[in-house]
Amino acid sequence: MRRFALIALPYGWLLALFLVPFLIVLKISLSDTALAIPPYTPTLDLSEGWAGIKAFLSALDFENFTFLTTDDLYWKAYLSSLQIALVSTVLTLMVGYPIAYGMANAPDHWRPTLMMLVILPFWTSFLIRVYSWMGILSTEGYLNQFLLWLGVISTPLTILNTPTAVYIGIVYTYLPFMILPIYSALDRMDDSLLEAAEDLGCSRLSAFWLITVPLSKNGIIAGCFLVFIPTIGEFVIPSLLGGSQTLMIGKVLWEEFFNNRDWPVASAVAVVLLLILIVPIVLFQINQQKQREAEE
Amino acid sequence: MRRLTWFNATSLSLGFAFLYLPMLILIVYSFNESKLVTVWAGFSTKWYGTLIQNQAFLDAALVTLKVAVASSTIATVLGTMAALVLVRVGRFPGRTLFSGMIYAPLVMPEVITGLSLLLLFIGIGLDRGILTIILAHTTFSMAFVAVVVSSRLVTFDRSLEEAALDLGCSAFDAFRLVTLPIIAPAVISGWLLAFTLSLDDLVIASFTAGPSATTLPIKIWSSIRLGVSPEINALSTIMIGIVAAGVITASLITKRASLRQQADERAAAQQR
Amino acid sequence: MGQTVFEPWNDPEAKPLIQFKGVTKRFGDFTAIDNLTFDIYEREFFALLGPSGCGKTTMMRMLAGFEKPTEGKILLGGQDIAPIPPNKRAVNMMFQSYALFPHLSVWDNIAFGLRRDRMSKDAIAARVEEMLKLTRLTQFARRKPHQISGGQRQRVALARSLAKAPKLLLLDEPMGALDAKLRTATQFELMDIQEKTGTTFVIVTHDQEEAMTVASRVAVMDNGRIIQADTPARIYESPNSVYVADFIGEVTIISGTARRSGAGYEIAYAEGVPPLHAESETHFDTGEPCHLALRPEKVAISAEKPSERRNTVKGRIIDIAYLGNLSTYHVEIEGGRMVKAQTANTRRLSRRDFTWEDTVWLSWSDTAAVMLKD
């Protein structure tokens, strides 16, 4: 009986507040927009029994999905989300790997502090961390002031409200997600492997490429997925730093919903976004599974 | 023998400069006299003064705290239960669906979670307000609690529980008296994680909040969309300060505890 | 047979392969190696034996190039190796953890060092096959390190470090991770491979039996110094100090004062009991404190007082350790001292002659015990 309650309570909660809502999204994505409250048709009327369900089902169609393919805003937004996520994942890896490497090779008594310094931003407000770049990157911002003062540039650069600002924002906010798995992979590595490589004739650099990088592969893969997956659906960063030029699907969904109040289209956008995400999520799961098995 | 090489020292200092400089600038400029945030015009704490008098911010902060405490507490209970189910209960009908639903919110884009919950609340005619935000936050943060707690449970030595049962505990007592105290650090960090996630969340709250309840991130969002403001700088400084103090205290406590344990073990070894 | 005994250390003409010349290594305040001077010869199987922290691993790491001496020189074939980095030394090391690259197959692990030398593909393949055959790993070539057993992993590590045909192979506790039975088999295999390849081996171990089995010479180390470096037989039978006698095998140490008597010495060790007799090549002054090191297997145990030996003492059996092939008796002799005596159990199911609390006589010959200086 206790066992039943143990399972039923979280299970029921997730069914009611996770699965059912998602089924509703799916259903609305197949409905039509209407000037009503709620602003879509058909609505399921169970009081009419089987006939009601049949009428309801027959009213559903893929019109919204067809619409997504006709208006190039949508597929452009999907593509640009993927592209931004991909580029910023690579950038985050390039910034994060040396930091993780430096941490793994730092003196032992430094490590708890370094670890804390990486985790600390996790606990600070995401919104504030993104916001902090607005003042830095704007035309009259601190970065431009600094560069003008240095004499590197004579006219201020436009960085805010461009994709560059989005890349910077993503690298900045998702950096800990990249550092931590790579660090833990590097930290687990046995130092004697590098000594063995050196003993067998490797230089330091070739030992890095032949031993360190392959052995941190799982950390790299995990870190990349941890950055790539949430970045695709990112909303705050493109809205604050990307301006109107940057097209990302999370932003499109938000605007479709709040500005255009087109619930069916917003739902259809959400369904497609989820379909796109399934591939990297499944790949990530497979990678994690493989890693767990390798450890056993 | 690890030595700090020139390369490692450089990458670490550049990396941490990148992580911390933006927040540092934010903090420094929150003490700026000028209304123009990018121009330094002397030291002043006046933006903290205006912030404290801003009733809308204070109300939003109160709502946020209420939501965070309630949602993280419920999420910790449900998440711990879910972790127990995942790690301890073997087969039961719908197990795959269950574990899928536990892990899915971790990777689900916030816009989708927010949208779907909003559609649910409208569908069942629940008025949007504090309650709906709490329900929404609980749902997505219990996944995080479940992950944290289950990773601790996996390494938990089950013979401890078996010893408790052997000594006459009921299953529930064994959990309450043995398991729970040992996994408590994981449960607490799960709660803290859920708490910060709730404090932090803008997107899901925006979907599920109604006009009666506005959270602090929503409030911040609506004012920073118009650009950088010194008041927000001051607010950010306060929030960063609270988090930094919390994290540093927590790490000092754990460090002291581990030092004490080491000292105890050394003393015990010498007694032998 | 006409075969000369392999004893280059006794040959003044022989040129040592490795020479330690006044080598000292300090880590901060800690002196790991203390002013060490000694030689290792070509084709030797040299064992460094000592408790953990005695400096044996540091010596090995200096030979491999992972540590540099603070003072003094290490010569390899007459050349100072201090400026040569580990990846350029004709020295290879087999790591205690084996340090097999987990992402590479057995074959690729063995080929790893050869590839660094930019050998031709065919030459690498030939050499790897040769090594696989030598270590009986041919059928496991395609497996990854985690797919083979501990003993096989050990052989991969050996093959990998031998592949480059180093002048000197260093083995850091090579049998440390193997269970007792496998260890003995592996020891003989290792000796065999050493003989076949003619490589000079330096092995680090804390297991004295292992060192005695495999090595041509054993260096017993303590606190950064070599206490005695000699053949296993001489280390056992003629230890030069109480430390060595105690470290190698079982021993009873009886302390007393020496007095010249005829060809040997009388050793007074307790009030009111007759002195013991022993012979020694080293000179002791009358009244000089000395220690008698007595191996248990050289002590006879009997119920009656034996007449043919001068060293006889009466005692009482306190403990019996039955080891199957041997039995060791712990006998408390007059004066309260414990002496160990060992008998071989040559007959099966024989009635045990002695039991606890029995009064027995212990006896040994004048040459059985070794006299050691303080």
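Each chain carries a letter (A, B and C) given by its place in the written order, and its residues are counted from 1.
The rule is short, and it goes like this: a residue touches a chain if its C-beta (ideal position, glycine included) is under 8 Å from a C-beta of that chain, and two chains touch if they have at least 3 such contacts.
A quick note: this is a predicted structure, and the numbers were derived from the prediction, not measured.
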Which chain lies the greatest distance away from chain B when centres are computed from Cα atoms alone? C
Between the pairs A-C and A-B, the one where more C-beta pairs touch: A-B
Cα-centroid distance, chain B relative to chain C, in whole angstrom: 58
Gap in Å, rounded to a whole number, between the CA centres of chain C and chain A: 60
What whole-number Å value describes the gap between the mean CA coordinates of chain A and chain B? 18
Which parts of chain C, given as residue numbers and ranges, touch two or more other chains? none
Which of the residues in chain A come into contact with chain C in the complex? 190, 192-193, 195-203, 206, 210-211, 214-215, 217, 294
If we count contacts the way the header does, which residues on chain B are in touch with chain A in the complex? 2-5, 7-9, 11-12, 15-16, 18-20, 22-23, 25-26, 29, 37-38, 78-79, 81-82, 84-85, 89, 92, 94, 97-98, 101-102, 104-105, 107-112, 115-117, 119-120, 122-123, 135-136, 138-139, 142, 146, 171-172, 196, 199-200, 202-203, 207, 217, 220-221, 224-225, 227-228, 232-233, 236, 239-240, 243-244, 246-248, 251, 255
Can you name the residues of chain A that touch chain B in the complex? 2-3, 6-7, 9-11, 13-15, 17-22, 24-25, 28, 38, 95-96, 98-99, 101-103, 105-108, 112, 114, 116-129, 131-136, 138, 140-142, 145, 172, 175, 229-230, 232-236, 239-240, 250, 253-254, 257, 263, 266-267, 270, 273-274, 277, 281, 284
Please name which positions on chain C make contact with chain A in the complex. 64-66, 85-89, 91-93, 95-97, 99, 101-103, 112-113, 116-117, 146, 160-161, 164
